[in-house]
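Shared between the two complexes below is chain A, which pairs with chain B and chain C, respectively.
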Partner chain A sequence: MLKYTFGRILSGLVTIWFIATATFLAMHAVPGDPLMNEKATTPEIRANLARKYGLDKPIAEQYIIYLSNMVQGDFGISFTQQNRKVNDIIQDHFPVSAALGILAITFAALGGILWGALTALYRNQLPDIIIMFLVILGISVPSFVFAALGQLLLVNINQWFDISFLPVAGWGTFAHMIMPSLVLGLGTMALLTRLMRSAMLEIVNEDFIRTARAKGLSPSRIFFQHQLRNAILPVVTVLGPQIAAITTGGFVVELVFAIPGLGRYFVQAVQQLDYTVIMGTTVFYGAFLVFMVILVDIIYGFIDPRVRLK
Partner chain B sequence: MLDLGTQDIESTAMPLLPILTILVLAFVNPATAQSVDAEAQTVKIALAQEPPQLNNMTATDQVSIFVLGHVMEGLTRYDRRGNLAPGVAERWELTEDSATFWLRKDAKWSNGDPVTAHDFVFAWRNVVDPKTASQYAFILYPVKNAEAINQGNKPLTDLGIEAIDDLTLKITLERPTGYFLKLTAFVTTFPVQEKFYRATGSAYAADSKDILYNGAFRISDWVHSASLKMEKNPNYWNREAISLEVIDAEYITADTRARLNLFIDEKIAYTQLDGETYKDALNNQFRIKKFVTGSVYFLEYNYRPERITHNKKLRQAIQAVFDPDEFVNKVLQTPGNLPGASLFPSWIMGVNKPFRQEYPAVVTRPDLAKAKQLLREAKAELGLEDIPPLILLVSDSPTATKQAEYMQGMLKTKLDLDLKIDVQTFKQRLAKMTNGDFDIVGAGWGPDFDDIMTFGDLFASWNLNNRGRYDNPEYDRLVRKAMNSNDPEVRMAAMAGLQTIVHEDAIILPMYEQGVIYLQHPKIKGMRRTVVGSDPDFTYARIVP
Partner chain C sequence: MNRHPELQADDFLPEPSTDSLEQLSRPSLSYWQDAWIRLKKNTRAIISLYLIIGLALFTVLGPWLWTKDPSAQDLDQISQAPALPKTALLVSDYLPWTPPIAYAHPAEPAGYPDTLDAVTGFAPVGTPNTQSIRFTWLPVKDAGGYSIYRSETEPTGLQGLGLPLETLEAGNIIGFEDRLNLKSQTYFYSIIPTDGFDEFDVVTTIKVTPLQSITVSQALERGLTDPTDEPGRSVLLDFHPFGTDYLGRDMLARLMQGARVSLFIGVVAPFVYVLFGVFYGGFAGYLGGKIDQLLMRFADFVVALPFLLFMILFKIGFGIGPGESGILPMLVALILLLWPSTARLVRGQVLKIREQGYIEAARLLGGKPSYLIARHIIPNTMGVILVTLTFAVPSAIFTEAFLSFIGMGVAPPTPSWGSMCNEGVKTMLSHPHELFFPALFISITVLAFNLLGDGLTEALDSKMRSRE
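== the complex of A and B ==
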């Protein structure tokens, strides 16, 4: 087990190094000058800025400096907010994205398991058809549409009933998190519903279910004790990467609901060619995703010895 | 208090429990305060983005300038009617080559220290210091030696600014500058206390506690990308004139629809609209206000000799078919925009009246026959059977692309000219503009200060923003003439000469003067919209019951 864990961590580190290198190269290959702005500046001023950010050095040297700083956990200073450290940006805004993501994944997991189980139970009957239609909708409609619709719904509810049901946008209280995390979790909820459904259907025909039925157990007991428990495994597998994807993929939701998450910095940095923020956020997100995958692998190793042996 | 733990909950209810809890919590969430409050004199707004740079010496963007205009003050400022008025300086004296300012005794920093002449000396030297690399250093170029220092050719101490004593500031000018006084109301020229600046190190203005304020408000709370709250500054010398207690930017989002939703929900009291949100605002029967931002949008040609757009007849042919009225009505669609006619927008002041009233721009109706004739002549001059496709470089915003497509369709049908649209993101477009990698580029220019020269010198051969490298000795001569004079008659006559050159030489194709539409809570009075500096200006606003 120890050897297995160590091996996974080592390959994780190699993956992170690869992400960092690929991002570095891709970023420098993008045409455009990160130091250029709407107002033209003299070559002298540009040279001063280049020196400040170390862009005057050859690219290989920049890469080595960058890697050694990264190992020490220092991502440098933002290009657009010239007095803010990238580390501070990640520290200030990742917790926001994480809180939103955790709530979203909670919605997604609870909903996914519940709906998935229901569809399997009422297979090819009306509830199954309705829910599966909604699932297709949830998978195919992009989150910015849901975000806009969700917000519009709140505005209308607040207007019709003349109450402050839920805040339309903003950040600070738990109430602010509900609609954005619902919207954010919708796609994952749909995905998990489908997974859960097929897992449940597989299990329905297993021998132990038949045995349980033969023993005369009540349907609800069979459902909760035997079916649900066994069908939930594949859901756990995808949950790890989904948590990473959800906490990092909330750019549009953060924009629409005015949430100070890291996703906004991530996307804006690319648009602005803010080299240090691009590197910092990409490597951080990459590392986070790798960590979640390893975590799931290790947990799986505990649950299912077959995984370890392979 | 409810103790849920003692109850035996059926397992079927389990997934529903958290959802129920959330709903209950949502309902007990107390109704938050509304967008305006006359009793407390507070107003709530949304910012389009997190202010990227609240260090006034390097700030360049609209949001930072908006905030800085409320929390800091220069030697002069704009009053509630938009006239230049005393700020930190109580009075001043201007001559051809110098300016002396006498500072008021009661101007204070938010830590209680007095604002002194030394704070201006420190800040201005810092702005032109090449190490600071301020993009707005050129604002101070009228000050003696500023340009030379900024290019690294002279020491900082040679800058023509001197603190005679704590309250007397003397400026030596490089050349007579009629608009110098207006520059002293702009954020780049605001004071900074050296002691405080040094103490914060490289983090100056990174957080609300890392700035000293000397304006009507101070930032009391700033949560990055979430909210920014400004409260009336108790140390401000003119606090009696300030009615608002709090300007609370409780939301930060670039999404105009989200901001409109917040406005409908009465969570914010002001928001700008765009083409998309305009119709929804109409449906909600809000009173839509209009404002001309002062920016001019145009197509700029590439004059590098190897480019086909170097040919004047070709540019004139395009000018002869373009109809700015049709463009504004059909393509832009939102109200408030004015059809383009000149490099100079209609709000720019001339000698006594707006410049465009004193010197009207030449307006020609589209003339297809003339355009075709010009195009034939252009082909003959260039020795070409057909004009190869022209590259039109535009930014990747939906509006810019739509405008480019209109031009493409219009030139194809009317003149059989092919345009190749090159859509690029912000930085890539800038790089291509600077390298001259285009034939025509969609560009715009907003005023940096309240004087005609902010537009006039744009196509001078030495101007780095002249990205098409237009080079005309007569144009340069007129710019120099206006620059070296303090006489409004002489300056405006020179600018009228420029306006004629811009049209006759078809240097640019003026498309429109930008107008914006916005919503404002009817209880806000005295909010000032302005083309330069902090816009909108809430400094003298008040909330009526």
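== the complex of A and C ==
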């Protein structure tokens, strides 16, 4: 298990290096440069600014400086916001995105497992049909439509009952988080429900279920102890990549609900060609995702002994 | 020496052949025929298939049948909800109008009155139409002027009078003309008499619904009428079955144009990257060993890139020049980022198939690796590839819509379903159809491809055959 964990972490570090390099190359292929936004009217000012940000050095040297700074955990200073460190930006805005993402993935996982198990239990009966219809809707309708509809719903509820049921937009309290995270988790919830359902149905035909039944175990014990526990495995597997999808999918939700998260900040930085913020955010997100996938792999090793014995 | 008397010579004759045993009980079906039969039984998949064919026709043939220009603005019908063809009253070109003056009344009252009566006889002159609404009323004794308001909702007393349109500063001007951004809807006009400075607490409100109108010269310019038409007749306005957007552009034409963009990206990108993934994964899986490890390691790296962030990075990396639509950068970015999933899948399949007996046999007969891959291995992974392709289309369409929605996708004025949603969401409350239609088209397309993918997965699963 230790060797397995160590190997995963090592390959994760190499992956992060690859992400950093790809980001660096992609950023330097972008036409135009960040100094165009500054008031660099004369060539002298331009040259001074370029020197300040180290843009006058050859690409190879810039790359080495970039990597060595990154190893020390320093992403540099923003181009468009005077003297604001990228680290500070990430520190300020990432917790917001993370809180939103964690709540969304909790909704998605709990909902997915619950609905998936329900559909399998009531296979081809009314609950199954209704839930699967909603699942298909959840998979087919784009998240921004859900975001817009969710907001509209809140506006209407607040107006009809003339109360502040839930805030329509903004950030600050837990009440602000509920609707955005529901919307954000909806697509993943639909996906997990489908996965859970097919896993549950597949397991019903397994030998060990028949054995359990033959032993005389109660149906509820078979359902919870044998069927559900085994069906959760594939759900856990996709949870890693889905965390990735949810954190980046937060862009739209953050835009629609006016949440000061890192996703909204990234879109803004791209529009302003803020080199350091873009590179810092991308590498940070990449590292975060790699870390999450490794974490899920390790958790998986605990749940499923077959993985760690290999 | 007859040890076996019971055996005769004719016991050793061959049995007459029994053809019936050799016959196949079921007709011989190829893998694809078999899959097609099973797919046909799946109603949902077949409906989806028809939907996809319908969408393809909508995209390809639509602009031939519905020839309206998707970028032409119909300023008479901005943000129109879907409706039947509308007619407009043909009115003569605008001529300045002088409001009537009651000369018998003084323009300014002698002193400041304590009370004023409410205005009476407040009524429109002629036919109120969207070009202009003209009013007149009876002069109020001692009034030094009038204030006129317009509201789209009914005012209650002096509350909610709406937009202040005009303050007349003479008691004997008894006419007013409203030409301010009129639409064919009900308005509430209120008039309050003043002493020349202050309004009094008496109001008269009337309800006016102007007729949609168009001037002769505008109608001629747009070819809606011929020069012999007299004002007063009604002409048929441009028909917008799906309504218009916030700039008065025809939604149906834009949906068709947008379908070309969205479906082009949604179909071409998966096709290219699945093809690339098939060859990459095929070779990695077939060659095995060090090369396989190296190739798949690289694929793992690409998978680990945060997808949407890199989509945006690459897209700006390729740059969009002025006047370009940004379709190509998005296509390239999608292909560069999404091929590894197919490569991984195909590699897994190839590793499995490589060990099969018929591959061994083909290699013994002298088949070269490229021949084996192209002739035996890839055709056998075709089912999995087809399913991947079907599921790749909706995710590419989603990605396009998503990026266009956050303003990082197709550049305006090129419409795509995603960018139309982006525009529609801003007027969601007042004109929901501008969001509804593009969102509906995205949803239907994604739904159809997903259901077809489900059907194909079941139909192509050869395990299913033995169960029947």
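By definition in this document, the second predicted complex is superposed on the first by the 288 of 310 C-alpha atoms of A that agree within 3 Å, B and C clash if a C-alpha of one lies under 4 Å from a C-alpha of the other, contacts with A are read in each partner's own complex, and residues count from 1 in each chain.
Keep in mind that, in the parts below, a residue touches a chain if its C-beta (ideal position, glycine included) is under 8 Å from a C-beta of that chain, and two chains touch if they have at least 3 such contacts.
Model, not experiment: these values are computed from the prediction.
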Partner, of chain C and chain B, that touches more residues belonging to chain A: B
Partner chain(s) touched by A:H93 [first = chain B, second = chain C, both, neither]: first
Contacts of A:F18 with chain B and chain C, given as first, second, both or neither: second
Chain B versus chain C as contact partner of A:T80, first or second or both or neither: first
First, second, both or neither for A:L110, with chain B first and chain C second: first
Partner chain in contact with A:L49 - chain B first, chain C second, else both or neither: first
Which superposed partner A:L289 touches (first chain B, second chain C, both, neither): second
Touched partner set for A:S164, first chain B, second chain C, both or neither: first
Partner chain(s) touched by A:M27 [first = chain B, second = chain C, both, neither]: second
First, second, both or neither for A:L255, with chain B first and chain C second: both
Contacts on chain A seen with chain B and repeated with chain C across the two complexes: 30-32, 148, 152, 155, 255-256, 273
Chain A-touching residues of chain B, taken from the complex the two chains share: 11-12, 15, 18-19, 22, 25-27, 29-32, 46, 50, 52-53, 55, 58, 60, 130-131, 133-138, 150-152, 202-206, 210, 223-227, 250-255, 257-258, 261-262, 264-265, 267, 425-428, 430-432, 434, 463-465, 467
Chain C-facing residues of chain A, complex: 11, 14-15, 18-19, 22-23, 26-27, 29-32, 136-137, 139-145, 148, 152, 155, 244, 248-249, 251-252, 255-256, 266-267, 270, 273, 278, 281-282, 285-286, 289-290, 293
Touching residues on chain A, where the partner in the complex is chain B: 30-34, 36-42, 44-46, 48-49, 52, 77, 80-84, 89, 92-93, 96, 106, 110-111, 113-114, 148, 151-152, 154-155, 158-159, 163-175, 178, 220, 224, 255-261, 264-265, 271-273
Residues of chain C touching chain A in the complex: 300-301, 304-310, 312-314, 316-319, 394, 398, 401-402, 405-408, 418, 421-422, 425, 428-429, 435, 439, 442-444, 446-447, 450-451
